[in-house]
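Following are the structures in question.
Two complexes follow with chain A in common, the first pairing it with chain B and the second with chain C.
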Partner chain A sequence: MTTQALLQVLASGLLMGLIYALIAVGLSLIFGLMDVVNFAHGEFLMTAMYVVFGMFLFTAIDPVLLVPVAAAALFVVGAAAYLGVVRFAMRAKANQGMVQIFATFGLATLMQGAAQYFLTPDYRSIGNSWLGGKTLNLAGVFLPWPQIFGGLVSIAAFGGLYLLMSRTDFGKALEATREDQGAVALVGIDRNRVFALGWGLGAALVGLAGAVLAIFYYIHPQVGATFGLIAYVTVALGGFGSVFGALAAGVIVGLVEALTAALLPPAMKSIGIYTLYLGIVFIRPSGLFGKL
Partner chain B sequence: MLLEVASLTTAYDGLIAISDISVSVAEGEIVVVAGANGAGKSTLLKTISGMERARSGEVRFDGERISGLPGHEITRRGVAYVPENRRLFPRLSVADNLKLGSYLHRAKADREQPLEQVFTLFPRLKERLPQRAATLSGGEQQMLAIGRALMTRPRILMLDEPSQGIMPKLVDEIFEAVLTIRKVGVTVLLVEQRLAESLEIADRAYVLQTGRVILSGTAAEVRDNPDIRQAYLGI
Partner chain C sequence: MNRRELLLAGASTVAAAAVAYPRNAALAQAPKEVTIGVIYPMSGASAQVGIDARHAFETALDIINNDHALDLVAAKGAGLTALGGAKVRLVFADHQADPQKGRAEAERLITQEKVSAIIGCYQSSVSATVSAVTERYGVPFLCADSSSPSLQKRGMKFFFRPAAQDEMFSAAMFDFFDAQKKKGKKIDTVALFFEDTIFGVDSSNTQRKLANDRGYKIAADIKYKTNSPSLTAEVQQLKSADADVLMPSSYTTDAMLLVKTTAELGYKPKNLVAQASGFSEQVTYDAVGDKLKGAITRASFSLDLAAKRPFIAKVNEMFKARSNRDLNDNTSRQFMGMLLLAEAIDRAGSLEGPKVRDAIAATDIPGTSTIMPWSRVKYGADGQNADASPVLLQYVGNKFVTIFPSDVAIADAIWPMNG
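== the complex of A and B ==
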C-alpha cells in the first residue's frame, strides 16, 4: 500500500469512527446511568434518519440545518421511551434485567414494524443536498464532505457533552445518579426526572448521528440494525457506561473497519470489527475504560 | 409539633419492622430514638424520609402529611436524612458531594450559604475538598454526610447512628456538632445505640424494642428509669 493510500484509509476510518462514536455514546450514557442496555438504540437512529428525510422532502430545508431538529425530535423520543416503557420495566418484581432487555427489544421491533408499515420497506436517499456527493481533495486524499461534517458534529457533540457533565448541575446530578440512584433523593433530586432527561440526552446524541448519516446513507426500516450492532461493539470496546471510552472506541472501530476494507475483499469488510469484538470479550471484557 | 409520626407500621416482605409507632419532635428539640439492633430505629427514619413505604399510619411535617410522598419531595420540604451507611457519592469529590447538597437551591445567588457553617463544624472537610469521598476515613465520611445534609437547608436533621464505626475521638466531635447544629435552629432526630452519650445531648428520648415504643420521656426520666439503667446503661 502506498503512503497515499494508507493516509486515505486512515482519514476515512477516522471520520467514520467519529460518527460511530456519536452513534454509540448515547447507548453508553444510558447504560452507565441506569444499567439498562437499550436494544432500540439502532431504531432511534433509524427514526432520526426518517425525521430528516421527511423534513427534507416536505420543506426542502437542507439536512445540515436539520441536525438540531433531529436531535430535538429524538430527545422527545428518548424521554418518551423511558417514561412510557422502561420506567415500567424497571418496576418488575423479579428478573428485572430480562424484563428490561425484552422491553427495549420489543420497542425496537415495534419501531421497525411501524416504519415498515407506515413508511414502506423502500430504500430512500436524500439527493441534491449541499454536501451529498461532494468531496474534498486534500493533497490527493479524497474526503467526502458529509463524513467531514459528521466528524465535526461528533467532535462538537463530545465537547458539549464534556462541558455538560463537568460544568452543570444537571451533569453533576447525572453523575450522582450513576453513582447511587437510591441516594439522590437525599439531596432532593428526582431520579425519575434524571432518568427521563438521560434517555432524552442519549437519544438526542444518536439523533445527531442519524441526521448526518441521512445525508449519505440509504434510509430504510432496518438501517438501525447495521449501525446498532456496531454501536454495541463500540460500547463493549470502550467500556459499558464510559462516555469518553465510546469516543476512543468509535475511532478504533472506524480505523479497523477501514483497514479491513482496504486489505480484504469488500464482502469481508466487517470481519475486522467483529474479530476485534471477540478479542475484547476474551481478553478484556470490561472494555478499555470500563468500570464493570 | 414540627414532626409528628402517628401509629406508623412498616413491613419488609410481610415482616413487621415497626409497629404502631408514634413519635413527635418539637421545633428546636434534640430527640433521640434508642434501642438495640433490630428494634426498628432505622426503619423508622427510612419511613419518615420516604425510602420505605409505610403500611399504615402517617407522618406529618409542619402540619402537612408527608407520608406517601417521594423521597426527593420530602427532602425539598426540609427533612434531611443521613442514613446509617451514609450514601455518599463515592467517586465524586468532597466538593461535588457538598455542591450536590445544595442542588435544590441551585438557582439562588446565595446557594453556598450553609457551606461556611459546615466548615466551622467540620474544618477537616475544607482540607479534603478535592479528594474523592471514598478516600475519606469513616468519621470524615460521616462529617461529609452531615455536611451534605445541611447544604439542603433542612428544618429537621435525622441522623442514623452517626457514631457507628468511627473512632471515639470523632464520636465526641460529632455529638458536639449536633449541639451546634441545634443552636443554629435545626431540629435534630437522632437514632443511636449509644444511649448514655446521646441522652447527654438530647431533650427527650424514645426507647424502641422489637418494633414498638416501650418507653418515652425527657432525657432525665429515661436515664433514671430502673429498667433502662439495667438494660442499656449497665448501671
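== the complex of A and C ==
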C-alpha cells in the first residue's frame, strides 16, 4: 500500500469514526443516566434521516441548515419515548432489565414498521445539496465534504456536551441523578423530568448524526440496523455511560474498520472491530473509560 | 389416546374419506382454487423488492384469472381451463432475506396452506434453503429471479429456473468484451467487486473463471461485507487498480453506496458492467444516476422488445398502474415465472406435486409468447432453461438501451463510459 493510500484510509476512518462517536454518545448518555440500553437507538437515527429528507423535499432548505431542526425533532422523539414507554417499563417490579429491553426493542420494531408502512421501503437519498458529492482533494487524499462536515458537527457536539455537563445546572442535575436517583428526589430534583430531558438530549445527539448521514447515505426504514450494531460496540468499547469513552471508541472503531478493510479481505472488516472489542472485554470488562 | 380422542379420530377419518372419495371418483369435479406460495423479502433491507414483486405477481394473477386477448402464455381464458376455470390464489410470505426464515415459511406454506407450488425468492441464499424444503415435500419450486448457478447443481427434481443464471449472464458479458476487443477497444483488465453472500460469491467465481479462460487480467478481486456503513477502503483499492472494466455484483443498498463512494474518492471507472440486481433498480438511478451515465448491466428483460411484441407494452401498463414504475429485470422475471407456473399447472390438470412437476418439466414454449428476449422455455434435466438468452443494457439518456447481443441490440455501446 502506498503512503497516499494509507493516508486516505486513515482519513476516511477518522471521519467515519467521528460520526460513529456521534451516533454512539446518545446511547451511552442514556445508559449512564439510568442503566437502560435503548434498543431503538438505530431507529432514532433513521427517524432523523427521514426528518431531514422530508424537510428537504418539502421546503428545499439545505440539509446543512436542517441539522439543528433534526436535533430538535429528535429531542421531542426521545423525551416522548421516555414519557410514553420507558417510564412505564421502569415500574416493573420484577425482571426490570428484561422489561426495559423488550420495551425499547418493541419500540424499535414499531418505528421500523411504521416507517415501512407510511414511508414505503424505497431507498431514498438527497440529490443536490450544498455538500453532496463534493470532495476536498488534499494532495491526492480525497475527503468528502459531507464527512468533513459530519466530523466538525461531531467535534462541536462533544464540545457542547462537555460544557453542558460541567458548567450548567442541568448538567449537574444529570450527574447527580446518575450518582444517586433516590437522593436527588430528596433535594427536590424531579427525577422524571431529568430522565425525560436526558432521553431528549441523547436522541438529539443521534439526531445530529442522522442529519449528517442523510446528506451522503441512503435512507431506508432499516438503515438504523446498519449503524445500530456499531453504536453498541462503540459504547461497550468506550465504557457504558462514558461520554468521552464514546468519542475515543468511535474514532478507534472507525480507524480499525478502515485499516482492517485495507489490509484484510474487506468482507472480514468487522473482524478487526470485534477482535479489539473482545480484547478489551478480557482486559478491561468495563470498557476503556467505564466506571462500572 | 383415550376413548373420546379415539372416537374423534375415527369420525374424522370417516369424514376425510367421505370428502376425498367423490373427489377421486370424479376428477371433473375440479378444485375451485389453486394455491401458489410466494416467498419474498417483504420487510427488511430488501423490502422494496418484495413489494415490487407483489405487484408483478398480482399483474400476472390478473392475466391468469381473467380473459385477456394477449399473445402471451396463460392469458387467454379466465382461470385454468383444464381445471374447470379454477382461479389461482397467491399466499405471500416474508423471508426478510434470511435463509432460515425462508425455510420455515416454505414448510408452513406446504403443510398449512397446502400450496401446489412455490415461487421465489430473489436472494439466492434464500432460494437455496426454500428449494431444499420443496424438494423434500415433492412440491415444485419455480426460481423466478435468483441467479446463482450453484442452485441448479444439486441434483434436484423439483427445481425449475426459466431465466438465465449468472454463468450465462457472465458469459454474455465476456462475449461482449471479446466483441469490443475485436473492434479495437482496449479491454485488458477487469475488477471484480462482489457482496459476501451466495449471489456475489457465485457470480464472482464464474467471472473469475471466464476472465482467466479468455485472457483478461483480474486487477482487483474484492469481496465486501453487504450493508456496510462505509465502502471507502474497498473503493480505494478499486481506484488503485483502475481496471478497464469494473464488474460489481451488488444488491441495491451497496450499489448506491458504491457509486457514491467512487464519486467521493474521485474515481471514475472506465467502464462498469454490472451483474444487475441493484444496478437494475430504478431507485439506484434516481439516487445516483448522474454518476452512472453509460453504465452497463446484464438483464433478462428489455422494454425495447415492446416494439416487436406490442403486448409487452400492455403488460407494462398493467404493472405500472399498480406499482407506479416500469417493469425491470426483476419484476419481469417474477411476472413471467408466475405465468409459466400457471400454464404448467393448467396442463397438469392436477394439484398434486409430482404431476405438476412433470408438467413443468415438459414445458416447451416459444420465446415469442413470453415478454422476455428468450428463444424458448424448455427445462434441462437440471431444471435450468438453457435458452434464456440474456441481454446487456446501457444506461443512456436516463433510460436503458439494449446494446448486446447484436441481433436484439438497438444501439452501439458507448465505450469507454468515462473516457
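The rule is short, and it goes like this: the second predicted complex is superposed on the first by the 292 of 292 C-alpha atoms of A that agree within 3 Å, B and C clash if a C-alpha of one lies under 4 Å from a C-alpha of the other, contacts with A are read in each partner's own complex, and residues count from 1 in each chain.
Methods note: a residue touches a chain if its C-beta (ideal position, glycine included) is under 8 Å from a C-beta of that chain, and two chains touch if they have at least 3 such contacts.
Since we're looking at a predicted model, the values are computed, not measured.
Applying the stated contact rule after C-alpha superposition, one finds that A:191 touches chain B and leaves chain C untouched.
Shared-chain residue A:182: touches chain B; no touch with chain C. Considering which of chain B and chain C touches more of chain A, the answer is C.
Legend: residue contacts after superposition of the two complexes on their common chain; A:270 is shown touching chain C, with no touch to chain B. Chain contact summary for the complex, chain A toward chain C: residues 2, 5, 8-9, 12-13, 16, 20, 112-113, 116, 120-125, 127, 133, 135, 137, 142, 144, 147, 216-218, 220-222, 225-227, 230, 257-259, 261-262, 265-270. Those residues of chain A that touch chain B in the complex are listed here as 169, 172-173, 175-176, 179-180, 182-191. Contact residues on chain B toward chain A in their complex (touch as defined above): 49-51, 70-76, 80-83, 87-92, 96, 99-101, 103-104, 106, 148-149, 151-152. Listed in rising order, the residues of chain C touching chain A in the complex are 43-45, 47-48, 51, 196, 222-225, 227-230, 232-234, 236-237, 240, 252-253, 256-257, 260, 263-266, 283-284, 287-288, 291.
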